[in-house]
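One structure is given below, encoded as structure tokens.
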Amino acid sequence: MHATSTLLTPSTSRQPRSYRWRVVDIVIASVIGVASGLIFIVWNQAYNPLSGLLTPLLPGLQALLGGGWLFAGVLGGLIIRKPGAAIYTELLAAVVSTLVGGTAWGATILVSGLVQGLGAELVFALFFYANYRLYVALLAGAGAGLALAVNDLLLWYPGSAAPFITIYTASSIVSGIVVAGLLSWLFMRGLARTGALSRFAAGRSSRTRV
Amino acid sequence: MSLLAPAQGHRAIFRINPVAKLAAALLLAGVLILTIDWVSAAVALACELVLFFWAGLSLKSFALRTLPVWIAAPTAGVTTLLYGQSAGTVYWAFGFVNVTEGSVELAIATTLRILAVGLPSVVLFVTVDPTDLADGLAQVVKLPARFVLGGLAGLRLVGLFLEDWRALELARRARGIADGGAVRRLLSQAFALLVLSIRRGSKLATAMEARGFGAPGRRSWARESTFRGRELALVGIGLAVALLSVGVSVATGSWNFVLT
Amino acid sequence: MTPKAAASVSGASVVARGWGWRHAGRRAWAVDGVDLRIEPGERVLLLGASGAGKSTLLHALAGVLGGEEEGERRGQLLVNGAEPSGARGQSGLLLQDPDSQVILARVGDDVAFGCENLGVPRDEIWRRVTDALTMVGLNVPLDHPTSALSGGQKQRLALAGVLAMRPGLLLLDEPTANLDPEGVLEVRESVARVLERSEATFIVIEHRVAIWQNLVNRVIVLDAAGGVLADGCPDDVLTSQGDRLAAAGVWVPGRGSGLVAARRDAPAGTATLLRTPGLAIARTKAEIVARDIEVEVLAGTALALTGPNGAGKSTLALTLAGLLKPAGGAVLAVPEFAAGAGPEPIRWKSRQLLTRIGTVFQDPEHQFVAATVRAELSVGPRALRQPEAAITARVDQVLQRLRLDHLADANPFTLSGGEKRRLSVGTVLATQPKLLVLDEPTFGQDLRTWREIVALLDELLREGTALVAVSHDVDFVATVAHREYRLAGRAAAPAVTAGAVPR
């Protein structure tokens, strides 16, 4: 920007999309990661009793609860809209839940966070970080759900029988679509309406100019 | 909560660079996860339980901090017991449930493995100060400083978020909507927490930028993060435990690679 | 290096030529047509109605407004002849909210943060850190946890962090608006000490003029319609623009609040609503903050809860409001007030509180639960299952009374500070409770909102509503309260004086 370049960009024109993270991108992604990490902790505590209820119904169905650990990446991706946002927020949320709450999954939570974040990230990348409509959010949720299933089945339930694998995978994808995809998208839209996202494209696209 | 109040002390473990603790925990986990057999897990667990005497934790705080692991490990074990791959003698079958010789063995291995992977990382993380970890990640591991410090600054808001959460709870009672609908209320509270946290985050970002954060040019470090003898020693111990458990497992013919 | 030598950075000059800024996605310019020249070393108080763009200007000078993605600029703004965004560290910005400015967990690290970003060598950093902490008078160890600091200390910490960068331009954006009177004094004294020893150019925004009046030699008033409204030495500007400034919400010294204190001689009612035999209060189960509290809440009477930070004023208010469980003793409602809901408010259902006790939280955002102002106001009546027509009528009435009718469809979170405060009071009024509990209702408000709140509470008192208000605000207590209950500040200390507000 030059000092004497006055005005002149009509603000209806699309700004060139920048892939470089601004400070506010980094900090808000961190904040989303941290807040999500706290919600993960609540979820960690609810998981054991709830999965104890679901598993006897149909083994593998407990993966329906997996979405509670997947929304961070999708939400981060939807709000920040920069490459790596989904991975960063999901990973940070995982780290926070380990550091603050102390989980049974130990250091492997880093791997889980990374893999699950990657599941959502790949979907956003497929759309060149330019499309953040509802169906993309749902797909990103599904991607995270699939990543969760692959990660869990390899790490925690190796040697499972085929029906278990199928049900577990299907359940985590469904959970990813509903909790991580739909809920994150609704949250993103609601956040935009509160004006909290005024420094982000996510906060401007859904608001009329005032 | 370890993050808000990391255990303080003067024993050697507190001064070790957190990066080394992270590396040791990840190394151990990475190796143990390759196999699913009770021998490797049992050997690792036995070594760990001895090493924990030097972990800088009292028995009481050890029990308290690792409680989730002690609950989760048998839970996952039971799942495997009931729904794991069948092999050998069938003890009990009912619907999807199939308890067999093979699934019993898998269940024991799964339980021990979660303990062997989970306990050391919980124990090592208890003594980690987030500031030191960030210094290490940026200076030793050379991760991008903007992200590491941004994450660290975000972490500091945890305490405020917990206060916000409590105020949100009280406010919902005051507004007359706390009598029922737990799920809806929880969602509304989670949403409000996100709004408040993004607001705080935006102000924090401005404050950080105003102090030159993210400015071009080389950053200096007020605190030096070093990786020396004792850090190498800790990683060495982690490696030794990992190799020992693999060795015993292979020697006894129990090694069972996870992807086969 | 002595602190004096350390601070001897020459002041920066500021030039604005037809400068304006519009945030991305907005139609209106936040600031426009600003022409200014500030010489090195000048000390400026920047005034203007809310919405005049004072903060935007300060952020621009600090180079933190963001790039093209975040808004559009016209005209020119120069610090020392160059774009502010290109030279971070030459200007230092102190913001309003103490909690959101603490960056790291330890005091020393936090002060060092700015120097690190500027690439200052390690030995030099720690020298600067010590100097800066000395200058602001923050005498705590370098590894002291920042979370343990009071609001005033946090602001001084942030100031130290700014000073350690050795800026030539010191920018303060309402640095004391979120502080109690003690914190305000602390920060003012620290800044005064810094200004004595520094040659830095100084610009402060503040609607309570008295705090800074003696430290500045120039007052600039921004016009909400764009441009500069007045500019000159403090006495001249405050005299010539006094009426206009007061109308715009600025606290002009010597004018008071415009409302007569102590005009309410007798309370409108004296029937007891609540008593607190042997009450002890605690935020969390473990830590009792005060015990042996005996207060009586009377209908039509305003009771102010005062005392130093950490004495438990808010905790007491929330306990009286039936939101926190007493740690000992009890809060008891008389049968007429309880109206069949049992003697202890903490055991009342959430819904039963609505018509009995309304609570206005310190941070209005904590109590917002709906997507529009209208929906927000209907939440209470709806929880009471009132008929739809009655709800609409009541909500319309509250909207008008609080001058929020033009904002009925706006999202509550998007309102201005004063509007949010009025709405938070409105959500409570919608269900007409007999007792109103308010936590710092005038905190950080400009004169306009202050007057509105005081006038509204006055009306409620006349109608027979009981008020309990936590407040640091001396003017507010003197104008509204009939009685004052002062918490001493240490859990061990016996109770506390309850009595009439001295007139």
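Per-chain residue numbering starts at 1, and chain names A, B and C are given in the order in which the chains are listed.
Operating definition for what follows: a contact is a pair of C-beta atoms (placed from the backbone, for glycine too) under 8 Å apart; a residue touches a chain by one contact, two chains touch by 3 or more.
Predicted model only: the values in this text are computed from it and were never measured.
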Contact graph of the chains (line, ring, star, complete, other): complete
Quick note, more Cb pairs in contact for A-C or B-C? It is B-C
Outermost chain relative to chain B, judged by CA means, is C
Taking each chain's mean CA coordinate, chain A and chain B are separated, in whole Å, by 19
Taking each chain's centre as the mean of its CA atoms, chain A sits from chain C at a distance in Å of 35
When centres are defined as mean Cα positions, the distance from chain B to chain C in whole Å is 39
Where chain C touches two or more other chains at once, the residues are 413
Multi-partner residues in chain A (2 or more other chains touched) are 22, 24, 190, 194, 196, 199
Among all residues of chain B, those touching at least two other chains are 130, 153, 195, 199-200, 204, 206, 208-209, 213-214
Counting only contacts in the complex, chain C reaches chain A at residues 22-28, 66-70, 72-76, 78, 83, 85, 371, 411, 413-414
Contacts from chain A onto chain B in the complex sit at residues 21-24, 26-35, 38-39, 44, 48, 51-52, 55, 58-60, 62, 88, 92, 96, 98-108, 110-111, 154-161, 163-164, 183, 187, 190-191, 194, 196-197, 199
Per the touch rule above, chain A residues touching chain C in the complex are 1, 3-4, 6-7, 9, 11, 15, 18, 22, 24, 190, 193-196, 198-199, 201, 203-204, 207, 209-210
Note: in the complex, chain B contacts chain C through residues 129-131, 152-153, 156, 159-160, 164, 167-168, 170-179, 188, 192, 195-196, 199-200, 203-204, 206-215, 217-224
As the complex stands, chain C meets chain B at residues 59, 62-64, 88-89, 92-93, 95, 97, 99-106, 108-109, 112-122, 125-126, 129, 146-147, 158, 161-162, 165, 318, 321, 323-324, 349-351, 353-354, 358-359, 361, 363, 365-369, 379-380, 383-384, 413, 427, 431
